[in-house]
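Heads up, the next two complexes both have subunit A, just with different partners, subunit B and then subunit C.
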Partner chain A sequence: MKEFDKNEGEYEDFGSEPQSRVIVVPGEVVSSEEDFLPGEGARREGKDIVASRYGLAEKVGRVIKIIPFSGAFIPRRNNVIIGRVSDIVHSGWIVDIDYAQNGFLPLMESPRFVNKGEMDQFLAIGDVVAAKVWSVSPKGIDLAMKGKGLGKLEGGFIFRVNPSRVPRIIGREGSMINLIKVNTGCNITIGQNGWIWVKGNSLDSELKARKAIEFIADKVLVTGLTEKTEKWFGENK
Partner chain B sequence: MSSMGLSSLTYNTLSKMFAEGKRFDGRKLIEQRDFSVEYNVSNKAEGSARVRMGKTEVVVGIKLEVGTPYPDSMDKGNLMVSGDLLPLASPRFESGPPKFAAIELPRLIDRMIRESHVIDLKKLVITEGEKVWTVIIDIYPINDDGALIDAASIGAIAALLQTHIPALDKDCKIDHESKSTKKLPLLEDTIPLSFTFYKLGESLIIDPTREEEEACDGKIVWGISNWKGKEHMIHSCQKGLETAITRQNVDEMMKHLPKVYDDTLKKLKKFLK
Partner chain C sequence: MVVKRLDGRKADEMRPITAKVGIIPNADGSAMFTFGNTVAIAAVYGPRMLHPQHMQDPKGAVLRVNYDLLSFSVLDRKKPGPSRRSQEISKVTEWALSPALDLKEFPNTVVDVQIYILQANASTRVAGINAASMALAQAGIPMKNLVCGVSVGKLDKDLVIDVNDTEEHFEEGEGATDFATAKLANTDEYTLLQLDGKIQPNLIPQALALADKACAKIYEVQKKALKNVAEGDEK
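Moving on to the complex of A and B:
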C-alpha cells in the first residue's frame, strides 16, 4: 500500500505571510497583472485573475487564492475527516462524511482481524470514525484508517463548525489548535468536513475547548486571531 | 448545520452530561434561551411576527378571510393553523408531502390556541350562519435549531396580539384600501404558550438545540396559559417519541412548568406593545 504524503494537504497551511487581504465576490477582478497565478477559488480570464468564491482574496508569493467565507466540504485526497458509520455491507462500512456522497471504508482497513459476520463488533452503525480520504473517483469515495490519530473515536464528543473555518481553527502550521490543546489539555481531532472531536480529562475542559473553537469559528474577518484567542483564554480561566 | 445523523458518541455524551446537569451551551437543564420578537415582517398579512430563539427562527403570519361557518359551529368564526417545514430551515426537511413533524407542528399550535379560547371566535361572526371571519395562522420556520414548537407558539401569540380586522365593504368583501384599527377580539390577559419537555435517560430538559433534540428519546408538549390573568391553566398536551414518560416525570414537569411559563411571559411582555 502506498504511503500518504508527508504534507497534510493544502488546507492546513496558509503558507508564507500574506501580503494583503481583500473581500471579493464571485466575478470580481482581483488582479490584472500578468505576474500572478490563480490559486484555489480563483480563475484566469484573459489577463485578469477573477474570483470564483465569496471570501478573502490573498496574495501569497505569485499565487492569488481565495479563502471562502462559507461553503460545503468537498473531499480531496488526504483530507482527514470525521464521519459516522451509516451502514455495514459485505466488504466494509459505509461512512456518512457530511458530503453529497457517502464514503466507503473497506474491511481491510480495520487494524485487527474482523470476522465478516461480526463487523459490528468493531464498528457498529452510529459509531464515529476519524479517517483519511484515500481516493475520490466517480465510483465513490474510499477511506483509509491507517495512520496516527485515525480510527474509531471513543469518549469525548463531536460537534460541527462551518468547514470553511477549518483552516483558521488549525492556524498557521497548527499554531491555533496547539494553543487550544495547551490551554485545555484536550485531545482534538479536526476533520476537514467541519466535524471536530474533543476528548479531555474532564467534561469541563472539553466544554472549554469547544467554546474556544466556536469562538474562533465566529471570527471570520479578524486579524491576529491567535493573540485574541490567547486573550480569550486569559479571560475565560 | 449538517445532515449527518445522530452518532452514538453524541447520544452517550449527552446522556452523561444531562445526568450531571450540564449542557453544551452552559445552560441549566430547565432553562430557556433568550428570544427576541420582531413585528410587521409581512406587510400583506393582518398580523405577523418573527421570533429568534438562539439560532432558531420562526416567522408567523396571520391572514383574515371572509368564509362560511362550519355546520357544527354556525355561531363561531373559523381558526386554521398551517405550517410548512421549509427545506431552507434545515437539511433534515425535504420538500414534498408533509411528514410527521410538519403535521404535528401546526396541530399542536392549533390545539394550544383553540383550547385556551384566547381568540373569541363568537365575536368573529359577520352575519349569523352565513359569513364569518376565518383566522389563518401560517407558521414558517426559517431556521431550525431545536424547540420549533415553543418558538412557533411565541410567534403565534405575538402575531395574534398585533392582528387587525380589515374593513369590509357593502358586499362583505375585504376593503384592502382602507386601514382598519379594529383589533382581533382576544380574551383579556390570556397568553397561551407551548413548552416542550424532552427526556433523555432519566433527565428532563426544555428548549433543546437541534443537537440535543435529536438525541432525546421522549417528549411532552404542553400548552399552558395564565387564564384571564388568574391561574396557570393547562389547555393541551401531547406525548411524542418512543420512550415512556413516568408519573414522576410528569410530577417534575408540573413543578417546573409554571415557573418556566412565568419567565417566558416576562420576557415576552417586553416585546408586546
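Moving on to the complex of A and C:
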C-alpha cells in the first residue's frame, strides 16, 4: 500500500488539503480510529471506516472519502455536461447525456424566445449542447443552459474520454486545461460525462488539443502531470 | 489428509492463480482470472438504460449476468450460443454476486456483466465469479466486499481444493463430486454453494474450511491486481 504526500497528485480542488491518500478496494478497512467520519464511497462498520468503492481513499479533516478511478458517469447537481439532442417534446428537449437516463432541457432554458412550433429552429435533433445538471431525481435529470460557456455547440468536434479522468484534464483550478488552451489556441469545453468539445482556428490545432487531452487521460496516477504535459508540448511543438 | 493428486498437488493446494484488471478498454470495468488452465474474462457495462421498461426496478439497478463457454474453450468444439447449462450458471452467478453489491443508488438501470470462458478445465463458474467481482469493483459499483469463489472436490473419501477436469470426473470409490462455493471476502457469508455429486453432511464443515483458506489467498491476488492497475500503468 502506497502512502501519498499531501502535495502529490492532480485531482480536484477539495477546499482543504488532503492529509493522506491510499488505494483501496471495496470491503477494505480504511481506518479503525474512532474520530473519523465516512464520506462519499465509504461506510461505518462498528468502529471501522470501510471502503464501498474502488479508488483512492482520502482523509480531509475528519472525513474519509473515496475518489473512484474508473466507472460510468453518474450525474450530480451542477455538473457541466455535453449531450446530444435526441428528441423534441412539447415542453423542451430530450438530451442524451451518456447515462442510464436521458436529460431534460426545458423550453424555458432557451436564451431567446422560441416558438413552440419551431423548436428545431433553436435546437434540432442531433445538435450538441453544453448544459448544467439542474437536478437529479428518480423521475429524471433536469438540465439548465443559463450560464457562461453553456449553450449550443457549433463547429469543431467532440470526442469522449473516461469520465473519471475529467478532473485531471481540468486540473487544479483549471490549470491543466488552461495550459492546453494556451498551447493550442483552441476553445475547449469539457463535460463531466467525458464528452469534450474542441474548436480552434485550424484542424491541426484541434487535433493537437485532442492528442494532449488523450495523453493526460492515459495516465491514471501520475504526480507532476502539469510538468509532464508542458514537456509533451515542448516535444510536440 | 495426505492425498496424492494426479498433478502432484497437495489436497489444500490450488492450481496457480493469476488475476489482471482492465483488459477491455471499452468496458466500464473488466478483469481476467485464471485457475491453472481455466481462463475466465469478465466485462461490466453500466449502470445503463434498461429495456424493456417493464424489467426496470425503481428500488435499484438490476444485475444481469451472462456466462458463456466459448466454442474453442473445450476439447470438443462447443456449439456456440446459450444453453441450458450456461443459463443456469448465469443465474447462480447473478445470485452469488448480488449480495455484495449496493445498487440502490441507480434506480431503473441495469448493470451488465459478461463472463466468457476462454479455456475450460473445471471450476469455470467460480473463475467467472472471481473475474466478475474484480470487474465490478473496477467499474466503480458500490460494493460491500469482493466475492471470492473456489470449488471443493472429493476423490473417493478425500476432500481436495480447486478440482481440475480429471478430478471432476473421478468416478472411482464414492463417485465424482464437485462443490462450487463463493463467499464475501473476509466474512462467513456464503453466496454460492452448489453441490454436484455426493458428500457426507459431516464433511461439509471441513469442505468449507478448505474453501475458506483458499478464498483468503484468492482475495489477496484480487486485491493486488486491483491495486496494480492503479499504480502500474505509467511505464
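Throughout what follows, the second predicted complex is superposed on the first by the 219 of 237 C-alpha atoms of A that agree within 3 Å, B and C clash if a C-alpha of one lies under 4 Å from a C-alpha of the other, contacts with A are read in each partner's own complex, and residues count from 1 in each chain.
By our rule, a contact is a pair of C-beta atoms (placed from the backbone, for glycine too) under 8 Å apart; a residue touches a chain by one contact, two chains touch by 3 or more.
Treat the numbers as computed from the prediction; the structure is a model and nothing was measured.
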item: Which superposed partner A:S52 touches (first subunit B, second subunit C, both, neither); value: second
item: Touching partner for A:P138 - first (subunit B), second (subunit C), both, neither; value: second
item: First (subunit B), second (subunit C), both or neither touched by A:L153; value: first
item: First, second, both or neither for A:R21, with subunit B first and subunit C second; value: neither
item: Subunit B or subunit C, by number of subunit A residues touched; value: C
item: Touching partner for A:R77 - first (subunit B), second (subunit C), both, neither; value: neither
item: Contacts of A:R172 with subunit B and subunit C, given as first, second, both or neither; value: neither
item: Partner chain in contact with A:G194 - subunit B first, subunit C second, else both or neither; value: first
item: Interface residues of subunit A shared between complexes with subunit B and subunit C; value: none
item: Footprint of subunit A on subunit B - complex, ascending; value: 1-11, 13, 16-17, 20, 22, 24, 26, 211
item: Subunit A-touching residues of subunit C, taken from the complex the two chains share; value: 22, 28-29, 45-50, 58, 100, 102, 105-110, 137-146, 184-186, 222-223, 226-227, 229-231, 233-234
item: Parts of subunit A lying in touch with subunit C, wherever the complex brings them together; value: 1-2, 23, 25-28, 41, 52-56, 68-72, 74, 99-101, 138, 164, 219-222
item: Contact set on subunit A toward subunit B in their complex; value: 83-84, 86, 96, 98, 124, 126-128, 153-154, 156-160, 194-195, 203, 207, 210
